[in-house]
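You will see chain A twice below: alongside chain B first, and alongside chain C after that.
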Partner chain A sequence: MNSQTNSPVNSLTPPIQIENLTYAYGSAEAVRDLNLTVRPGRCYGLFGRNGAGKTTTMRCLLNLLRPQSGSVRIFGLDPAKQEVEVKRSLSYVPDQVVFYPWMSIRETLDYLASFRPNWNREIERELLQRFGLDPAQRTGSLSKGQRTQVALIAAVCPETDLLVLDEPTSGLDPIVRREFIEAVIGAYQQGVPGHRTILVSTHLIAEFEGLIDEFTIMDRGHAVLTLDADHARERYQKIRVGFAQSMPDIDLRAALRVRRDGRDLELVVNGGGAELLERLRQHNPQTLSTESLTLEEIFVATLKS
Partner chain B sequence: MNTRVLVKEARPLFWPWCAVTLAGIVSLIHSAHSQDWIRPIALFLGIPLLATLPLGNEFQSRTLSLLLSQPVARIKIWAEKLFVSFAAVASAALVFALSPLVRESLPDLSQRFAAAAIILAVVASATFWTLLARSTMGGIVLSVGALLVIAAAVNLVTGIGGIESLLSAHLAVVSIGVMLFYATLMLWLGQRNFARYQVKGNSAGDDLLTAGPDVMPGVFSDWFRSRPAGATLNLIRKELRLLRPIWLVTFLAASSWTCFTVIELLRREKSANDLGLAASLFMGVACAVIVAILAGCLSLGEEKTSGAYAWHRTLPVSPLRQWLVKLFVAMSASLICAGLIPVLLMAAGRHFFPQAFVQEDAHFRMLWLLGMLFLTALSFWCACAVTGTVPAVLWVAALLLVFTLVPEFGNWSAFHLAGFFYSKIDLFTNFRFTVAVSKLFGQLGLNSDRIGYSYLTIFELAIVWIPATILAVIQTYRLFSAPMKDATLSVVRKLSPLALVLFLCSLGVSALPMLSDRASARLYGSVYSIHGAAQKLLSDSANREAAQPLQLTTDDLKKASPPFWATQPRWLYTASITVTADKAHPTTCCATVRFGRPLWNYTAVVHLADGATMTVWYEPSSDEPTGPPRLNATVRWPNSSAEEPFLRR
Partner chain C sequence: MLLQINFKSGLPIYLQIVDQIKAVAASGALRPGEALPSIRPLAEELRVNRNTVAKAYSELESLGIIETLPGRGCFLKENHSALRKEVRRKLLTDEIDQAIVQAHHLQVPHDEFLQLVHERLTVLDGKRRDHEDQKEAPNGNAKESQKESAKKNEEAQ
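On to the complex of A and B.
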């Protein structure tokens, strides 16, 4: 629980800073001119469809890939030059978890603990119990979900300042998924409030709805939207309006999405909702309601528009 | 059979097939000593690789579940794989069969049939062993291991019966029978197991040899278990565990070799046939080579295939530490398993059967150990450059070809370039420089008698390989620590500096002795010119009786110059040469008349323009009173009183 003492930088340094990152696999561009800054203590979501460039971005952060242009910094450090310092300050759960099949869970965790200055045995014991994992079981005989569970334990126990999760809930059953998000992620951030940062890449956005503070939506290697989650919920609104007679002629160009069903109208707006509401009210609608979009709805609306 | 399916099955075999076939072609057209490593590797590694790859590749690419889920009968899939592997093996083996070396080592037709039966057995058993091992390398190890066990058993049984050596024509028939029975049995077992196979493994690297049950006693397996502290020791333990197939192969090969050799040696008392012993020696060398290659690439290759390498790169351990641990463990494993164990086995054999084993010198043992380490270093380079053990092994073959053919090309270029260069520029206008160059390269032990194009000797190859191997090891760190990029073009790009260093080193190793030869020739030419001129001068009795020393002129030298030293060095024309006849011994006993005329003893003193003094004298042999006279030449440099010899013939 003393990760702050080993923190490589002061609390003002952004845990992650990406500037004009570009990476291509041959002629296929995976990430182009990506800019992203994650502030300390935040849970940052990286959303995108398959092949949007999320995993490539994460691999560049971990120096598994070297940016072809632009730069990445972890706590102000260059992962290519200060690799060990950077990796000491973060834990990573990859999209495809791999362990040595001959090692037991106990041995795997011991092996990983030997590389870490701090390893919280209490959390380890608690999580092993919570996930119902037998420490004597060989990792080669674990299911995909169980391997992910072990990887999550191995990522949380070192108590690093940054947790990088690449599709962490893929392969987990719904119960464990909820357990993981509420208990593991929540407990991790609450360990040192306002200090521990999470970067999570996922397309199961609904699962992380309550946790995400800020997010970037990526599409074909580009960042198409970066917003604070609360601000996004304010900006992205769904307006439902019903008219008693036939629908009047209204200028709806400000809406992202328009769905008409007889005399009912459903609109999705990105900002300018108040102005549109005012215009709708002028036509004396029978019913008029607004609600914030969920992050998943924002994601869908953004990519479809 | 569906052509598209056959193409899909044949595709992963293409490059291995090319490598094995190319090795066969090289040994067919180019049978220099430096290519001696090709046949054992190609036969003991290449053929089983081609046999196991069609199925092993499915495990490696994790596509077996997908393949078995297709609406195709398993028997059909099995038949397609078997057909492709048989076609690949048969065509590659055919190239080797055409080699004159095969005809020499297997003169009898039945012996060749026995060899074909062994190859057939490898192909037929590959499915069974690959399914059991769940990996290509495991399949190779088990199928080769099973063959060794069978061969040892056949040898043991026939040895007790007192029958002739295994490779005699009589036993070859027995071998054919045993191998055909084994092939039929394994074919049936392979088909049966494939039809019943259940996909249990979760990941690549989850194979029998790497992840199989612990066979070690508890005390040892506890030592290999990771601890919560001691990162470096944990890395070493992990590496040792990853190299488990190496320990198994070494154990299997050492026991089979010992068994083979002891039986052969016991049998030798009844038969003078050395073929069996030679075969077991060949097998031992091949196994050692395979172990040395696997020691370099197995650990990293398997980690890259399974994804554990990328996972390790995310841990807070410096790449340098990981690289050092990997390299250290790989080299140590190679040194012990491929280097020391064979040397110790040979020493033990020599101790118990001194008449059967040739006493090899320390130089050979050192060369053997260095050779194994060299192979491991190359293999490690390949494992760093590409993804997976099988691609790494294939690249080892390519790299070995580069390390063999590029020096030969450098040697060839040196010979042709040197001829062209020397015809344009006269380097030896300075006497001191000429003497220094003529002495320098002879002292290095290089082949200074290189008259025309010839192959580099093993010693010269070793000199050429050292700088390139050091560069290769340095490159491995960069390849290991650099982010992953696995492309053929990128590997070739990394290979080009090595090829360039090899070329330059071989060019130097070949060209410098040629330079030395040219300098020596220039010196000898001038000495022989003086000798010829002195003999001509002394053939006149008036000159021999003269009280004062005689002066040689440029004209004398020109006339005396042998036709193959057409141009005289500049230093000789500006020198003052005095000749004094040896009045006490005018001629020597046995060489009084040579080439139809008497030869006179004399001393010629040459004062060169740069202050050096060269003395040339012709005298009777001192150590052999009846032997031929000797032409000697020494030089004394300015400000020095010591006479330095540079010619004595």
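On to the complex of A and C.
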């Protein structure tokens, strides 16, 4: 039986669906009652500090860990029961990339290609050239950045509809990090525009800001905030206001954070910014400005409040 | 045309791209019939999601500002004021209202506000003419820089 022809995958099946996922290492709970859905074609960010439960969640998706309760589904399939189909439908760049050190890049890619029904040689050639990699070089002598580049090539060439990136850019230099993200956009997303789904876990949020459609912030195993990225930046605003004379008496309970210094005031709000602005204006401030929080600032504001 | 994304503006990313392309089209920096950058290199350059750029382009296309020629790319339309006159007036009215409210809060009186509008029209018209001059006389660099510095002085005042 050919597993590809009877695959339940269709354009509406969420590439990732996590329901009430819980996982503990002994008595230490790593993930608690996590719910998360990644829709087709989206780039989804999983943000959290070290130890927040991101990697445990990833490991459950990849069947490297079995959920203790709750369920995970990849394109509607259970990774524990339909392991082959699930593995075929996604590719993965881990945080620690390990290859057989005695193999060359060429041999490594050929070896990895042998497990895949499909391998795009043209993209492989393009990316090797783009990263300036010598296919004859042994992987044991590659830098950390180069190993990540080879892992990304190996993840893009099979042309899967789901790419899972676990802290892909931590520990890499800024140039390599930029090139990595550009290759994800150019080589991976370009493949079947609108149908390539990405799940990326990272604490280097600023770099992925433009790529992220939607995100979940995890803290101590819990999902504390899930939002659409554009919507988040619209809701979370920083308002700076300065008064000519003394500070008027204004109700600031709606603010998430308040900083005061003499006649100056800085507020962070989560929604309700327009209404608060209007009230501030009624007191005829000398200066008044607003800006949105970036995703990284939203992350900090969420975990510090 | 160099686009720039500002994550602190609070505007959706695709809308920032739409607005900036509208602005370069209105200023004459991008002329009818000229090509827009392709989606892939633009997405890579801005380091934004490819789908976001595609969404901006399809929005511009539905507004009648650009057109896609299969296999050739996206181009600024010859006559890109496809919106009906009342719709265009409505869009502009909203923007003007915002500026009026802002003027009120900053305590700029009406006559000064109107004067400022005239000044800006003159400055932007000048920029537009510069773009057209460049098109006709690519060697007029000396004249160009003179004009530029004159304008900078004007703006500094």
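One rule holds for everything that comes next: the second predicted complex is superposed on the first by the 295 of 305 C-alpha atoms of A that agree within 3 Å, B and C clash if a C-alpha of one lies under 4 Å from a C-alpha of the other, contacts with A are read in each partner's own complex, and residues count from 1 in each chain.
We adopt the following convention: contacts are C-beta pairs under 8 Å (C-beta built on N, C-alpha and C of every residue); 3 or more make two chains touch, one makes a residue touch a chain.
Since the structure is predicted, the reported quantities are computational estimates derived from the model, not experimental observations.
Engineer: Would you mind checking whether chain B and chain C clash or fit side by side on chain A after the superposition?
Structural biologist: They fit: once the shared chain is superposed, the two partners occupy separate space.
Engineer: Vertex at chain A, arms to chain B and chain C: angle between C-alpha centres to the nearest 10°?
Structural biologist: 160
Engineer: Per the contact definition in the header, classify A:Leu295: touching chain B only (first), chain C only (second), both, or neither.
Structural biologist: In the superposition, A:Leu295 touches chain C alone.
Engineer: With both complexes superposed on chain A, which partner does A:Leu267 reach: first (chain B), second (chain C), both or neither?
Structural biologist: After superposing on A, A:Leu267 lies clear of both chain B and chain C.
Engineer: After superposition on the shared chain, which partner residues are touched by A:Arg88: those of chain B (first), chain C (second), both, or neither?
Structural biologist: Touch status of A:Arg88: first partner only.
Engineer: A:Leu128 contacts which: chain B (first), chain C (second), both, neither?
Structural biologist: neither
Engineer: Tell me which partner A:Ile16 touches in the superposition: chain B (first), chain C (second), both or neither.
Structural biologist: Touch status of A:Ile16: no partner.
Engineer: If you stack the two complexes on chain A, which partner ends up touching A:Gly140: first (chain B), second (chain C), both, or neither?
Structural biologist: Touch partner of A:Gly140: chain B, not chain C.
Engineer: Look at A:Ala113 in the shared chain and tell me whether it touches chain B only, chain C only, both, or neither; answer first, second, both or neither.
Structural biologist: Touch partner of A:Ala113: chain B, not chain C.
Engineer: On the combined arrangement from the superposition, state the nearest Cα-Cα distance between chain B and chain C in Å.
Structural biologist: Chain B and chain C, overlaid via chain A, are at closest 26 Å apart by C-alpha.
Engineer: Please report the chain A residues shared by its interface with chain B and its interface with chain C.
Structural biologist: No residue of chain A touches both chain B and chain C.
Engineer: Applying the document's contact rule, which stretches of chain A touch chain B when the two form their complex?
Structural biologist: Result: residues 59, 62-66, 83-84, 87-88, 92, 94, 96-103, 107-108, 110-116, 119, 138, 140-144, 147 of chain A touch chain B.
Engineer: Report the residues of chain C in contact with chain A in the complex, numbered from low to high.
Structural biologist: Chain C residues touching chain A: 5, 7-13, 39-41, 43-44, 46-52, 54, 105.
Engineer: In the complex of these two chains, what residues of chain A are touching chain C?
Structural biologist: These residues of chain A touch chain C: 41, 43, 178, 181-182, 185-186, 189-190, 193-194, 207, 209-213, 230, 233-234, 237, 281, 284, 288, 290-295.
Engineer: Spell out the part of chain B that touches chain A in their complex, as residue ranges.
Structural biologist: Touch list, chain B to chain A: 201-203, 205-206, 210-212, 214, 225-231, 234, 238, 241-242, 306-308, 310-311, 313-319, 482-484.
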